[in-house]
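Before anything else, here is the set of structures, which you'll find just below.
What follows is subunit A paired twice: with subunit B in the first complex and subunit C in the second.
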Partner chain A sequence: MMNNSSEKVFVSGLVTAIDVKNLTKTYINGTENLTVLNAVNFKLMKGSSVVIMGKSGCGKSTFLHMVGGLDSADSGTVFVAGHQLDSLNSDRLTQFRKKHIGFIFQMHYLLEDFSALENLMVTSMIQGNQKKKAKESALTLMNDVGLSSKINNYPGQLSGGERQRVAIARALINDPDIILADEPTGNLDEENSHIIEDLLFGLVKKYQKSLVLVTHDPYIANLADETLILQKGVFKGDV
Partner chain B sequence: MKLINQGSLFWAKNIINLHSSSKQKKKHIIWSVLIVAFSVVPLVISIILTNGMTEGITEKYIDLQSGHIQIIIPEGFSDLAKSDLKETILSISEVYSCDLVDEGFGVLYSSGGSYSTALHGVAENFLESEEVYEEFTEIVGSVNLKNPKNIIISSSIAENLELSLNDRVAIAAVNNSSGNTFFKPTILEVSGIINSGYRNLDNQLVFFNSTVASNLLKDSGRQYFSIKLTTNVLNEVYSTAEKINDLVNDSSISIKTWDMLNRVLFRNFAETKNILYVVMALIIMIAGVNVSSLCIMLIQENYTNIGIMKATGAYSRSIKQAFLIAVMFISFVGSIMGVLLGLIIGLNLNVILTAISHTGIAAADFYLISIPIDIQATQLIMVVLFTCVISYLSILIPLKRLKKISIIKILNS
Partner chain C sequence: MNRILDLQWILFTSFKYFTSARNKKIRFATLPIIGITAGLVAVIIIIGIMNGLQEGYLNDLIEIDSYHARITIESETDVKKLQEALNDTNLVQNSYEFLELEGVLRLPNGGSQPCVIKGLPPNIYTLDSGFSNELTISSGVFNIDTIDKIVLGRNLAVNIGAGVNSIVELLVLGEGKIVNFVPIEKQMIVTAKVGTGYPEIDDMICFANISLLKKMLPKTIPQIGIKLYDSDKINAFIKEAVKIDGIKSVESWIDLNRSLYSALLLEKYSMFVILFLVFVVVAINIKSSLERVVFSHKKDIGLMTAVGATKKNLTKVFIFQGLFIAIIGIFFGLVIGILSAKNINQIFLLIGSLIKTITGYSSRFLQYTFPVKILPGELIIVSSGILLVSFFASWMAVRKILKFVPVRILHDE
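After this line comes the complex of A and B, so read on.
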């Protein structure tokens, strides 16, 4: 499945979910240029999962943001679900994210003024879904993440692990093709981290989503189809 | 395509939910509602005041002076012709009354001084008719002019000439019957002192019997029929005037409507009203600045949430709509509160103005003592709409910032 040291292809089905070619990103820090992604190639087939590991600041999150259409590259192309992201304008990028991407961040970023259920509902409704449908989906997902008894709790009334479970449910509420998770257990203790990781991989499998997960936790490597290490701007093979 | 995104509405409800808001946000929202409300109050009061003033003063001018329509009787018109004309006029269904009035200009003399004013010769029971009588806020003595030696004057003229009931007053008008101009004085006794409740009109209220007037004002005055109608609506007044003109069919007879007769007065009213409305509208515009700053504060408070919403695929326009709904709701609530508060004050305007007049403020003299409360729902709806439009315009710039919010900056911070 591995083509060479800087291009990875993970096949689970016949359809390509993500296809990254020669992706380069350089940050300018004063007079110094820092290349975090150096002509990176990457391919993920629909329904597969990949874990990206690497040192802090090595460009893992930047890669994820680019695949999610949040950030732009200096050079190279990113194809996600058939869309070449650098050719999309702001509105089309929003439409792309709405349809294809579900984000999970290290911080849960839940709306503090909304209950857990409302956090899911508003994410669905603001994208044009009806309240009834949004509520039905939200209740199903709250059940999936094991929080059906806490649907009316506000984020402040939930533990760190519970908040992250709501964040996972939120990422799935609009039924995206791909889940991009940026250190989703970075703020949790080991026990909770494993619970969340098992839950996430279980849901990804259940709903047949593609997953790209950035983490420091080697435990996750066992759960994913493949694991990559990002080092000096390129992917360095399996762990 | 739906006008309002349900999610935007759902989020908007939460943005302005006071129960789950921070103390600072709560304070800012309440403050903004109050500022909008207090900026609307003066406009509502102005509307009630100017409507009431215009209606009240118009009523008084029509009932005590001009009538709705005046038919100026040409010189040489016989008594029989006048009687026929009156009968013709009264045959029109919209006509309520038709009184012959002699009007001229003269000078009143008393031991207290002299006073130049308009003089009115009227039928003995003219001031007793219901529509005239009810315009008086105060009557001392009688308003009957059966005795041709009696005169009825307003309290302000009585005050100027230091006159009381039963005092004698000399009245003089220009007479040039012999070719030489001279003043022809007549002595009359004050049998009634009246107050119309509007000082500007009071300065012109002098009534005596038409038999005295026909001699006194023969050369310097004019005679007309003061016609009162069952309606105050100007278009109906015009159509009735046309009807009279068709029926009378005499080019020597001039027909004038009350707005023509009091053109300067009502133009002044309209101008004052417009200036007042502009000033009040400016106050609302200043309140718009506060609404704008509230919008900025709400956006800043929800900065991260906006970024996350964007990341999850929410369009900028949906996010914009959530804030637009939230701020417009605050403006709407504020303007409704302002209208209600303005109505409460407006309904008690007479009590307030009476209290002000007791303080000796000279400006109070220019107001009616009792203002008819005229509340027009359409005007109040316009106030609410105007406030909402100003609020909408004032938040357009802050809302533009939403598009510039960078998701990456939020995630990296």
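After this line comes the complex of A and C, so read on.
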């Protein structure tokens, strides 16, 4: 349901999870201006999943960071879970992320000094949960991602796929409205990638989360509700 | 509630980092902890000995010379009634009349020297335990039960060449204005030589029966020397004493020794400042160590910001590590410092015998018995100071976290 050349609307419920209007971002590289997002429009309804594909450096991650309140736009507005992000100061953006967003990064970014379980626990405790409750939630999610036998392993003692599974569990532990995944299988082999992708989409469905996933892997396109390609700063048609 | 929950994850994270293998590998806490421990041990020993020496000196002064308080009375005051009233305050252990004069002491065919003669009750040595405890008898027996007996400070005795049973001549100036300002002489027998260990006192002082001085100077009104149960309650005593009839003025031991008291305080504060420089060096060490720790956890900081930790709370995670260093250093410093200070004389003897074994040189300094006094209040002040300095150093190291841009960190990593 394309509204114009660069707007996509995905309907899976009545509530809008993400609403992006005329989002523009330009990087200055020496004397050259590089516009990675050019008046982008985007809408995602609650419970839907969308995959964003595109060449390296085309602005996929930048878009994800802006939707997650980690980066700011030059112009345009971003509404996520009812919040207009450009109107929030740094502290309120942090509160917003804490409540509404779960991030999964290409590099798992697990805390090396914490065990797998503690990685989940500390994220839950940052949300404001007590240690006991954080541990209970963490154990449930470790079980969901099939790592209940490795809760005390440190990231260095886990394989790449296992680390990414912990990262997925961590993204879900604060029960966010939206999961933003930035090439979560970018560092994995094909077999492991498919395991992780199936797991991620399965959990998103189970916990009824909205998902925006950036990837190069065409396999994922089959799992998402819709697929977009970011090209020359705008979203282009379906894959 | 939110703050308590925040503190929960901050402490959890901070402790994990503090005990992590990565931090242990770079030994970021080892040097600062050793620095704080060593600094605190030095402070406790040095200030403990200084307190001991100063307190010993002040004790000698107030027990032998100035008393806890001196009361000047009206000429018509009934001394016995006054003493009863003073006892009613429940603060006074002893009170007695005394006279203090300057004079000259001479040994016939020997030397002569100016002196301070104190006229005291004949039973002073048994009456005032503070007096007898602080005074060391070098030779003879402290006896001033008749007016022809005198006890000399040991240096004074040496200076004029007098010993026990020597006959000395005491000369004091008479009372009144210029016309009858004539010297009075009295021959006396030395019954003892005594010392306090402080040349300023031992060079000048001698003790005689107060009846002698009353006889020599009948118009001079004796003062009342006061010994309290607790000399630190001097202000409470003065408050009560000024209400009693017949008292002209009350001077406390602090007033009487103000310049000395101020000098001792100044000496102690100066030592505090000098020793505290150790902790400034440690603080610099904490700062540079924590800067390394923050740098090595940059990725974690970016991630935790992304999942909802505020930068302010993240600074606390690392500040707590600085405080953990300080707390551990203070703990070891207090334990080792107090144990060392309490046994410092044995330690010095051990060092002395080691030096003697190795070099053959015997140091008298290391054989001296140092008095040590540890004041809990001072330990609290020093420990709080270390915590404050460590907090400041930690804050200086971690404040750059506030300027971190999480997306840039995650992108760079």
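Please note the rule applied: the second predicted complex is superposed on the first by the 239 of 239 C-alpha atoms of A that agree within 3 Å, B and C clash if a C-alpha of one lies under 4 Å from a C-alpha of the other, contacts with A are read in each partner's own complex, and residues count from 1 in each chain.
Here, a residue touches a chain if its C-beta (ideal position, glycine included) is under 8 Å from a C-beta of that chain, and two chains touch if they have at least 3 such contacts.
Keep in mind it's a predicted model, so treat the numbers as computed, not measured.
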Notebook entry, point to check: Superposed on subunit A, are subunit B and subunit C clashing or fitting side by side?
Noted result: clash
Note to self: Contact-wise, after the overlay, does A:Tyr219 reach subunit B, subunit C, both or neither (first, second, both, neither)?
What the structure shows: neither
Next item on the list: Check whether A:Phe79 is in contact with subunit B, with subunit C, with both or with neither, and answer first, second, both or neither.
Entry: neither
Next item on the list: Check the residue A:Lys98 against both partner chains and state whether it touches subunit B (first), subunit C (second), both, or neither.
Entry: both
Margin query: With both complexes superposed on chain A, which partner does A:Gly128 reach: first (subunit B), second (subunit C), both or neither?
Written below: both
Next item on the list: Mind working out whether A:Leu70 is in touch with subunit B, subunit C, both or neither, as first, second, both or neither?
Entry: both
Check: Who does A:Tyr207 touch here: subunit B (first), subunit C (second), both, or neither?
Finding: neither
Check: Following superposition on chain A, which residues of subunit A contact subunit B and also contact subunit C?
Finding: 61, 65, 68, 70-71, 90-91, 94-95, 97-99, 103, 105, 109, 111-114, 118, 121-123, 125-131, 170, 174
Next item on the list: Would you tell me which residues of subunit A are touching subunit C in their complex?
Entry: 61, 65, 68, 70-71, 90-91, 94-95, 97-99, 103, 105, 107, 109, 111-114, 118, 121-123, 125-131, 170, 174
Note to self: Under the stated contact criterion, what part of subunit A meets subunit B in this complex?
What the structure shows: 61, 65, 68, 70-71, 90-91, 94-99, 101-103, 105, 109, 111-114, 118, 121-131, 134, 154, 170-171, 174, 182
Margin query: So in the complex, the part of subunit C that touches subunit A is made up of which residues?
Written below: 2, 5-6, 8-9, 12-13, 16-17, 20-23, 299-300, 302-311, 406-407, 410-411, 413
Margin query: Give the list of subunit B residues in touch with subunit A in this complex.
Written below: 2, 5-8, 10-11, 14-15, 17, 20-21, 304-305, 308-316, 318-319, 322, 403, 407-408, 411
